Amino acid sequence: MSHDEIFKKVQGVLVDALGVDDDEVTPTARLTTDLHAESIDFLDIVFRVEKAFGFKIGQGELFPDNINDPKYVTDGVVNAAGLALLKEKMPHVDFTAFSADPKLEKVSEVFTVDSLVKFVESKLKAGAPA
Amino acid sequence: MHFRLVDQILECGPDRAVTLKNVTLAEEYLQDHFPGFHVLPGVFMLEALVQSARLVLEARDRAKGDGAPRRMVLGGVRALRYGNFVRPGEGLRSEVIVDKETDDGSVVFRGSATVLRHSQIATAASAGSAISSTDTAVSGRFTMRLVRTLQF
Amino acid sequence: MRWLWIDAILSHEPNVRLVAIKNVSLAEDHLHQHFPEGDDGPSQPMMPASLMLEGMAQTAGILVGSVRQFKEKVILAKVTEAIFESDVFPGQSIRYDAKIDRIDDMGASTIGTISRFDHRGGGWIDIGRTEIIFSHVDQNRAGLDLPEHNFVFGENFRAILGGLLPKT
């Protein structure tokens, strides 16, 4: 599947799940800030991506599980260990902007449409089982 | 129960309305929703948005001035997300805004509602005022359409 | 008003599908305000769509809850889409046909069809559809002060659920 085909399918998933229009779903659009996704929407998106592409997504694989652990978070700020863990678990996400102000409450803002597309591409390349 | 989910109209115009619904244990259905954990049913949050939208539609019809107001009902819902619970003693503050009108005369609204809570401790400053929160109870889009009956 | 928006279960395929019905009757108080005589027309009692959504949510919620023997608290979290094409009047019956689309530890997504029956003829006619997502609350609401017991599937459901409930 080409990058464009994957993007179109991901676009369709987000339009269906979030009730937004096609033209709002641009590669750099952030799921929470720009497309108004809330926590329950993340579950809906996981279900729909699984269906659209035919592979299983494990818990915490696409979006982070509760990283609110004193090992990784100090006073609401994600520390170096936490940041390293996030980068390792989610290679499909660009943490550059988040690293500048790593507040735990802002972690969901890292997800762009592009990070979702990258995730799908890597799953398909790895020949993930359905 | 009386099927009225709007207790006060805070603002109302042809494009937008803000309303209040109080939640009280006097509402008997709360005993079933749920036993031992009384919360306003999510569909009643939706109905509060719908009844608020009806106020906007009435204002719209009045502004247009063409004939009797139309009876409109809920025709569809899109991406409606539930958040915080609303309990007895708390209130629901609903806001509905017209998004667009479609060719068949249906009207699409964006709606959201937040939870209103009274302060636990009444101080001189807060006495008599409900402290509103930004805690969202529900948000999403819905469509109001004309009633459709089937002829026999 | 009792908060039970289905009257009986017609069929149940565990973990897959649940079909329930609700009768609509003038004996229901709230129909007399929806709608009374007013500027917008004469008295016209009809089933509010929000309560049809609840009927489907209860049908789908029971289907989802039964997958884990009603041990999980299953809460309405999102209505991705609902369409109500046509309206329902006293004397008619509503059928809620719910299927599980996906389910995991965090929650479940369901799809449903709403149909209407009128004794005067026509059989069951499809009048709507729903996509509803439920949250498995205990997994999702860490920090929220919830009672231990499963308040979602309480006594009021027992009359309907009958054989579906695990023997206690």
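A, B and C are the chain letters, set down in written order, and residue numbers restart from 1 in every chain.
The working rule: a contact is a pair of C-beta atoms (placed from the backbone, for glycine too) under 8 Å apart; a residue touches a chain by one contact, two chains touch by 3 or more.
Owing to the predicted nature of the structure, the values given are computational and were not obtained by experimental measurement.
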Far-end chain from subunit C, centres as C-alpha averages: A
Pair of chains with maximal C-beta contact number: B-C
Distance between chain centroids, defined by C-alpha means - subunit A, subunit C (Å): 32
Subunit B and subunit C: spacing of chain centres that average the CA atoms, whole Å: 20
Contacts with 2+ other chains: residues of subunit A: 17, 19, 40-41
Where subunit C touches two or more other chains at once, by residue number: 77-78, 80-81
Multi-chain contact residues (two or more partners), subunit B: 78-79, 81-82, 140
Subunit B residues within the subunit A interface of the complex: 78-79, 81-83, 139-141
Of all residues in subunit B, those that touch subunit C in their complex: 1-4, 28-37, 41-44, 46-47, 50, 58, 68-71, 73-82, 140, 147-150, 152
Footprint of subunit A on subunit C - complex, ascending: 77-78, 80-81, 101-102, 104-107, 109, 133, 135, 140, 142
Touching residues on subunit C, where the partner in the complex is subunit B: 1-4, 29-31, 33-35, 39-41, 44, 46, 48-51, 53-54, 57, 75-87, 89, 118, 120-122, 125, 146-147, 149, 151-152, 154-156
Residue numbers on subunit A that touch subunit B, as the complex places them: 17-20, 38, 40-41
